[in-house]
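A quick write-up on the structure given underneath.
A, B, C, D, E, F, G, H, I and J label the chains in the order they appear, each numbered from 1.
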Amino acid sequence: MLFHVRMDVNLPQTMPENQATALKKTEKDIAQGLQESGKWRHLWRIAGQYANISVFDVSSVDELHTLISTLPLFPYMQIQIMPLCRHPSSIRSNDA
Amino acid sequence: MLFHVRMDVNLPQTMPENQATALKKTEKDIAQGLQESGKWRHLWRIAGQYANISVFDVSSVDELHTLISTLPLFPYMQIQIMPLCRHPSSIRSNDA
Amino acid sequence: MLFHVRMDVNLPQTMPENQATALKKTEKDIAQGLQESGKWRHLWRIAGQYANISVFDVSSVDELHTLISTLPLFPYMQIQIMPLCRHPSSIRSNDA
Amino acid sequence: MLFHVRMDVNLPQTMPENQATALKKTEKDIAQGLQESGKWRHLWRIAGQYANISVFDVSSVDELHTLISTLPLFPYMQIQIMPLCRHPSSIRSNDA
Amino acid sequence: MLFHVRMDVNLPQTMPENQATALKKTEKDIAQGLQESGKWRHLWRIAGQYANISVFDVSSVDELHTLISTLPLFPYMQIQIMPLCRHPSSIRSNDA
Amino acid sequence: MLFHVRMDVNLPQTMPENQATALKKTEKDIAQGLQESGKWRHLWRIAGQYANISVFDVSSVDELHTLISTLPLFPYMQIQIMPLCRHPSSIRSNDA
Amino acid sequence: MLFHVRMDVNLPQTMPENQATALKKTEKDIAQGLQESGKWRHLWRIAGQYANISVFDVSSVDELHTLISTLPLFPYMQIQIMPLCRHPSSIRSNDA
Amino acid sequence: MLFHVRMDVNLPQTMPENQATALKKTEKDIAQGLQESGKWRHLWRIAGQYANISVFDVSSVDELHTLISTLPLFPYMQIQIMPLCRHPSSIRSNDA
Amino acid sequence: MLFHVRMDVNLPQTMPENQATALKKTEKDIAQGLQESGKWRHLWRIAGQYANISVFDVSSVDELHTLISTLPLFPYMQIQIMPLCRHPSSIRSNDA
Amino acid sequence: MLFHVRMDVNLPQTMPENQATALKKTEKDIAQGLQESGKWRHLWRIAGQYANISVFDVSSVDELHTLISTLPLFPYMQIQIMPLCRHPSSIRSNDA
């Protein structure tokens, strides 16, 4: 089941740089693990923003919430979620 | 080059049904042709909305505008465009 | 899987009264059938609005979209959907 | 009498972790007591948000305000309230 | 129980003048009856707007919805409702 | 002359508790004095909010501004003002 | 007493041209009469908009509402009103 | 050439009082000088707000920007600017 | 003097096609004449929108308003104007 | 390929003045280098705002993102991007 997720990151300017670097490193590792597992199906940077557009492929809403709310940057992100479904005009096997 | 496009369709309630059907049929044919050509890379329905989320892969902004503004439903759609770029944490070859 | 849905109905003032009555009658029948089947778990009127708050219990996003987009009033409704999940402080068996 | 309540929690990033943990523990205890008493009828987590959707069943607006404004997290929450009433198409005895 | 209600009226410009006049006359009669009964406690015009601010005193949300949704101008009004309660600094007996 | 005023209070979380208590005490005393004088005609709490709806009865806009801007909580409040006038359907002598 | 008023005019595209011309002519006559009387103290066009910024000088809110709501274009205008008062740094006698 | 300017002032609550007092004093001196020179043509307080409505009369946009951006309170103000022009219904010589 | 203008065009769907074509032809002729004269300095299409971003170079606000409000599509356009001035970091002679 | 960019700068009030001065100096140097190279085609100050309107001419979205996200003020700016394309009515060779 697919969900469209937009994440806007907003690290506090008072956060020490090494803490920020460590957080981003862990975030990247987790994000890449989830991509490998197929759960995090797409990940793009929005140009000019510290934000991304993602598509998650999960088996339940609870799984989606667990994945997102345990990301290290979650406390510093604003999240918007839209459930997606197959478009009747789509011919692409990997959009279902 | 990737662009994230949201299209909200709003056909006037006074449009005759056969005209609406014909428009949608042509739209579908064009959308499928563009998917086959690789220009319209992703196409999802937003659940509960007469709207879609799409990702286009074009070689220029002018090409993007031409593709979208010549869709048969263009006069009845509200369009939002965001340029996308590769995310530094992405490991998926097909997200670039 | 639970989804929170808000539906705002806006019938065109030019719609003949018997057509409106027929549409609402069919809508009611379908809504009651879906409640009986357990798919439409909650249904409340928002005070002072021609709008409702609903909770759907479906097995997939596609099922949710199909249920909502085939309602007779769908062309006249504005729909907002939020995926819900179990709250860690909830003790109610019927909120999962 | 039913009220639809959305609560968005926003703890200050400067709050010491043990204070946050204590606040959440007390909040949870109170929330569960109110659920047991039937005052807090439904409680769901909104996916991807530190926020919940709740339905309260109270005998007056003053009671509703007292319940909400004495929650330990109240100073850190943004609250939206909508009065609900029985929907004419509802067949569920527990939605009144 | 008190509710703060804002009503913005928007009659369609195509409505025949005698129909508009009749609707407003009936609306006024009902509004005055509800004021006499004490249900419609306050009624003010917002300066420069075809809109009013009202305070209703009802025994339930269902009663509030019934009063408002049966007003003749209801199909042409946008309604916003906020539940009110006694303010701890109020000394006015008629604000409870 | 009547003015509808909404006040949303937002005390900084860093304010010492005794300072907050003192401010609120003075605010309450002034608010009650203005109610006794008839200048502050109505005062209600919005349910679930640290906010109030008030109606002021003043002889000029300058008087209104002076009353509001000298409240002890003024630096911490967001204020919205709408001028009110008598509604043609009102039958209540105390709404003019 | 001064009030800042913004008026956005939106004549329906179906209004016959001679009706529009007549409405605007009457509106202009009334506006000029009110300027001569001193009630309509300032009147500017907002560049690029069919809209104006005005300052009214009236003795009560009821007078303001009567003046505005009897303008011939009132049914076709969106109105925003803000009460003004003397600024402590103002040295201009005609801004009070 | 006339420009309509709204300035909302928002001094940080951590600013020492003597610094705030000094800033306001300098601001007032400059504002009065600009009024005397005719550049700052009108200045009103918006009732209930720490904000003003002003009309500037300048010979260029660059001059307008220089005047506003060198005000002592500029770093603490939110500014909105609208170019004004003569209204065809205006009869006031001092509104051009 | 430079002004940034955004124009969103919204032709009514009931306008006969030959009328629309004629309007656009006249609009284009005037727009090109103003570009040749240097008054309309820049003109771009916003991708995916029936809208443009323009920069006008005029000697007064009145001239700007006259140019824009006499465009044939003016009654069907939503206009947003922002005054521009030279940026201190600009090195381009044609941006002043 | 052209992109319309609006940048609103918001330096934290706690930033030491010499740090702010140094940041702005580096920003200016980079901005001028990009103008010389032709990548940053236009740069204007919005009157009354600490904000600019820019037009970038880049060969890809990735290049645009790299240019903007490496600006020294990027962490303190809010960025809005719109892709532009040639307008069919444009006659200016330098708007393509």
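Rule of thumb we're sticking to: a residue touches a chain if its C-beta (ideal position, glycine included) is under 8 Å from a C-beta of that chain, and two chains touch if they have at least 3 such contacts.
Predicted model, so just to flag it, every value in this text is computed and none were measured.
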item	value
Duplicate of the D-E contact set - from E-G, A-C or A-B, the pair where over half of the pairs recur	A-C
Fitted rotation between subunit E and its twin subunit I in degrees, CA, nearest 5	145
Between the pairs E-G and C-D, the one where more C-beta pairs touch	C-D
Distance from the mean Cα position of subunit H to that of subunit C, given in whole angstrom	51
Geometric centre distance via CA averages, subunit J-subunit F, whole Å	45
Shared-contact residues (touching 2 or more other chains) in subunit A	2, 45, 47-48, 61, 64-65, 81-86
All pairs of touching chains, each written as two labels joined by a dash	A-B, A-C, A-D, A-J, B-C, B-I, B-J, C-D, C-E, D-E, D-F, E-F, E-G, F-G, F-H, G-H, G-I, H-I, H-J, I-J
For the subunit D and subunit E complex, residues of the former touching the latter	1-3, 60-62, 64-65, 81-86
In the complex with subunit I, residue positions of subunit G that touch it	13, 45, 47-50
Subunit C residues within the subunit B interface of the complex	5, 12, 61, 64-65, 68-69, 75, 79-81
Touching residues (chain side subunit D, partner subunit C) in the complex	2, 4, 27-28, 31-32, 35-36, 41-48, 52-53, 55, 82-92, 95
